[in-house]
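Both complexes shown next keep chain A, but they swap its partner, so chain B is in the first and chain C is in the second.
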Partner chain A sequence: MAGFTLTQLCKSFGHTMVLNEISLEASDGEFVVLLGPSGCGKSTLLRIIAGLEAQSSGSVNIGNRVVDSLPPRDRDIAMVFQQYALYPHLTVRENLAFGLKMRKESTAVIEKRIGDAAELLEIHELLDRKPKELSGGQRQRVAMGRAIVRKPKLFLFDEPLSNLDARLRASMRVELKKLHQRLGVTMVYVTHDQIEAMTLGEKIVVMDQGHILQIGTPDQIYHHPINPFVAAFIGNPPMNLIEGSVHLEGQYLEFHAGDFALRLETHAHIETAIHSDSAVLGIRPEDIKLDIPSEPHLTLSGFIDVVENLGGDHIVYLISQEQHLTARTTPNSRRRAEDPITAYVPLQKLHVFVNQVRIPLELYYH
Partner chain B sequence: MVFPALAVVGIFSLYPAMDSFLLSLHRIYLGLPSLGEPFIGLGNYTQLFQDPVAHQAFIVTLGFVILSTTFELLLGIGIALVIHEHFKGRGWVRAAVLIPWAIPTVVASQMWRFMLNDQYGLVNLMLFGDQVEAYVPWLADPWMAFGAIVLADVWKTSSFAGLLVLAGLQVIPDDVYDAARIDGATAWQRFWHITFPLLKPALLTALLFRTIDAFRVFDLVFVMTQGGPGDATQVIQFYGYKTLFTEGRVGYGTSISVTVFVAILILSLFYVRTVGSKLLEQERA
Partner chain C sequence: MTKPLPERLMLLVGIVFAVLGSLLPFIWFVLTSLKSQIQVEAIPPTWWPDGSLEFYYSALFDHELFNYIWNSVIVASATTIIALVIATPAAYALARIRLAGKVWVLGGLLCVAMFPQIVIAGPVWQILERIGGLNTHWGLVLPYVTLTLPLAVWILATFFKELPVELEEAAQIDGCTTWQALYKVMLPLAAPGIFTAAILTFIYAWNEFFFALLILTDPAKQTLPVGIALFQGEFTMPWGEIAAASVLATLPLILLVLLFQRGIISGLSSGAVKG
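Right after this comes the complex of A and B.
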């Protein structure tokens, strides 16, 4: 088992730069999630770690060994693909055995490993079937089994759950988490699904357009997103983002977006005044309260646009000072569209981004 | 609703086939109408099965089928593997590879005949230049003439086999190869354990088309060698043509055609039964 280090990885296809100075470190046994929209370079990064694709510059180190010149077979890795990539002409048993046979393991070892993996993944009764006779979820288990039998130092997952339906995806997510807990092996997991990232990741790497935007624990990423992109990408429903202008001076912060105005006192002290027309105020839907909170807060009045009933939660779409906001609240059947409403946001929960960068103010008072 | 289709099949396929069969049951000499057209039952067929020339023609045909089909499939795999790769100008290479197949067989055969000509042929010129005394009369030697028709057929139809194999290659997903690379398979192992087994359906289809086609070979022989020298390249279809049209033995010639027809029918049915059902099974699996 081992961690890995990526040092200033760059990759370009012709003139198109798909990865730009990617540096990343993961410790032994860590579950690392590469998260980003499609085309952000996360899959390419995974393929470079695997050795399926060569980087243009930079270096990959797996388990304290530089593997840049090694083919995939010598990197001691296993990979699970989005489309499962099972060998269609081989039975499940032969699929699991393939990698071991290529490495000339003895029959006894192969049988033992297949038995262990089949038990772990509960695929015993599938061993003599062909991939086409399996459901999507079963195929994905087999694909994982094929990775497990090899006992690699590093597991790579390329959007393994995206071809499954929502219910199956949820249960496989839990199984993957269990698998990681049992095996304790370093895993790199590529996804565009923020829920998978939040639930599985110990370290989330948010990427966009070939760059790493932020690396952090799920909590760090969720509560302290580094810029509006990360803020909007994580969380469902997404964070409310209000674009406007900001003036920061001394302990005061003034924010304007059309009719929407806000003046706050902060704990920080700004020496030189900052004024920007490219500011974003962010509020998570669950931070918009419909009951008065005890801590210092901001008060918003407006009316209800739409109410979505999710059973356990209500999603209330409201309009306040011409701003469309989404709030996630406890259910209350008396709320109707067009009703007037007053909402409250604890000041501590406000996120302020100036020129695309988070301003770490301890927001405090009116 | 199916009547028009049935009528077309009846008039253009069934009737001629039946009529040919009836013809083959009679003794008919075009040049000797005075002998009439007596019904002799399966007489022509018993004669055919004892005819040493027919035996020879059958062996030549069999040799041609086996050799040309083998080389065409092997070359076809090679061609398909090359034009499946991504490289600059692949579109042009793909088109170029298909040129031999696009040329009409008669034209291609004529071209090969010219190229192999003993006095002004390109092959002699390239091999021996101005050493005229070393020139080889390729088509005059029994073995070399046979080799020449095999060569011409392989040259002409390998790309077709290649095309069928390429279609088979294209349905193999890339990530299966990625998985095999990570599983530790070398390039050769990937070909042998992944590509080859997954190509089987395409290879069997190509084999089916090529054997049936090669069994019916006629135009190549007609243009290049006229069955000669001696009977070295006289394939069964050409023998049938000769008896029927040059010797005027309509009954006997027709019995050869009918035999070839039945042989191909059996071959096709065999393929459809065994290979075809396996193909379907594999696709369903």
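Right after this comes the complex of A and C.
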């Protein structure tokens, strides 16, 4: 069966390096999400896997077969494009059949596969229409159908939901997840939407400027982001990041950012003292509690700047020791702007980054 | 949204003038072709013909018009087919492949298309003489293809450029080679462009006079424009026959355009991508 391996892929257009030493492994049936900001090289990477773009160096292996010299049609893959790319001169049925006809499948097989896909995606009534007679969501389904009927080893998706409205996107996301569970085929999914990445991915690959920053499960990426970039990219509202200086020595950690000062103890023992002026303290909005937690915690006092009511949640923007912080809390109608407030952060939930790298410390109070 | 009345009136007057202006000569020779010899020579000229078909008969049978029509059909069809077969892949390559100096190639093509014919007449004649192409149909088709290629390539390249690359990539992933992607997906979508290029090429070859006169001296080989121009007898100018022959020569073009107009359904590619 078919996982895939990318080995030290590099790609440059002229003198611009777009991908830098990309190595990645996915096991059979895994749902891999490539996540990163616009222009970071996600699509280029996907297109290299598909064979639509040639890498400058490095190697692509799909299902234990090096495919570097193979054209797209011989790689046994299917791709769903952001713009759908349905053949406008063919009906939906012919669109679905196209790839199978090219592969000289028998009419019976083609009929069966189209029937199955149409049932799975509920596009039976659309089969005799032309693409221009379909809505965006329907085109999306047909595009997926065209990929499914081929029964490829590997599915590639390039931001397939980004042209849909928010509601449809959410429901298609769920369907895509179901589809993956039913088909059990390896999928690579490109997106810059962290929610899609978190909800769909079994393995998330966070990229920036042609580099892989971190590879991990959604939980790993969310709870143990490797650097402030990943930390800020995942999560909504984004993680609070306080920039300051840090001093680590023996069992002590001291963090300063203007008025904001913190002195904590760690379980680790640091032999040689570390001092850095480029340190970041990260706190997720939902980790800022407005009720005293039982575990060891940090206490922040300040006042409320703005309260946003999301219905189920309140987003409270507060200012403490000159730091602007965002907290996500349960609703409480008595909170008003300018009110004094005391907030608490469990020490376990603090993220410490020194020189752009996460320091894995178990912190507690001195 | 309807425009205000004065604007619409101006538009209407403009259209009427443009149509009448370009149709007037045509109307005149249609009328002439339906007159009788006496009417043609009448002074002052009469406007309304009496509907005699004698000129048509004379043009077709006394002047062997069928022969010229047949020659024109051969030359124009061959030119169109050959030009398109060459122009299509060329235009596709120009539209798709990242190529340094592509702009210069396209610009050069346009320049070539604008050369005055007289400049190349001499060389063309010399080349054809050397390779034995004088007084043959292929000898005429050769310069026709050369002269129509730039425009055909230009038109087709414009069409190919507007087709989304993703369609081609989808086809490749679906199992097509580059060639298959071209003729199974891109060509059907570029059909309006292909029809346009084909019609323009055909019309050029059908109407071309200068090279035809230069290269074909044998009346059995001559095409319509030359044939008709050489109708004139020793002492008389057979205006009536010329008019009738001209009408007959124009009819196939009108038919062709009407026929292909159905094929030229623009917006064929809408729905391919979002929007």
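In this text, the second predicted complex is superposed on the first by the 364 of 366 C-alpha atoms of A that agree within 3 Å, B and C clash if a C-alpha of one lies under 4 Å from a C-alpha of the other, contacts with A are read in each partner's own complex, and residues count from 1 in each chain.
We take it that contacts are C-beta pairs under 8 Å (C-beta built on N, C-alpha and C of every residue); 3 or more make two chains touch, one makes a residue touch a chain.
Quick caveat, the model's predicted, so the values are computed rather than measured.
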{"item": "Overlay on chain A: chain C relative to chain B, clash or fit", "value": "clash"}
{"item": "First (chain B), second (chain C), both or neither touched by A:Arg139", "value": "second"}
{"item": "Partner chain in contact with A:Tyr87 - chain B first, chain C second, else both or neither", "value": "both"}
{"item": "Touching partner for A:Asn163 - first (chain B), second (chain C), both, neither", "value": "second"}
{"item": "Partner chain(s) touched by A:Gly244 [first = chain B, second = chain C, both, neither]", "value": "neither"}
{"item": "Contacts of A:Gly201 with chain B and chain C, given as first, second, both or neither", "value": "neither"}
{"item": "Contact residues of chain A, present in both the chain B and the chain C interface", "value": "50, 52, 71-73, 77-79, 81, 83, 85-89, 98-99, 102-103, 130, 132-133, 146, 150"}
{"item": "Contact set on chain A toward chain B in their complex", "value": "47, 50-52, 71-73, 77-79, 81-83, 85-89, 98-99, 102-103, 130, 132-133, 146, 150"}
{"item": "Of all residues in chain C, those that touch chain A in their complex", "value": "164, 166-167, 169-177, 180, 185, 188-189, 268-274"}
{"item": "Complex interface listing, chain B residues touching chain A", "value": "173, 175-176, 178-186, 189, 193-194, 197-198, 282, 284-285"}
{"item": "Chain C-facing residues of chain A, complex", "value": "50, 52, 71-73, 77-79, 81, 83-89, 98-99, 102-103, 130-134, 136, 139, 146, 150, 163"}
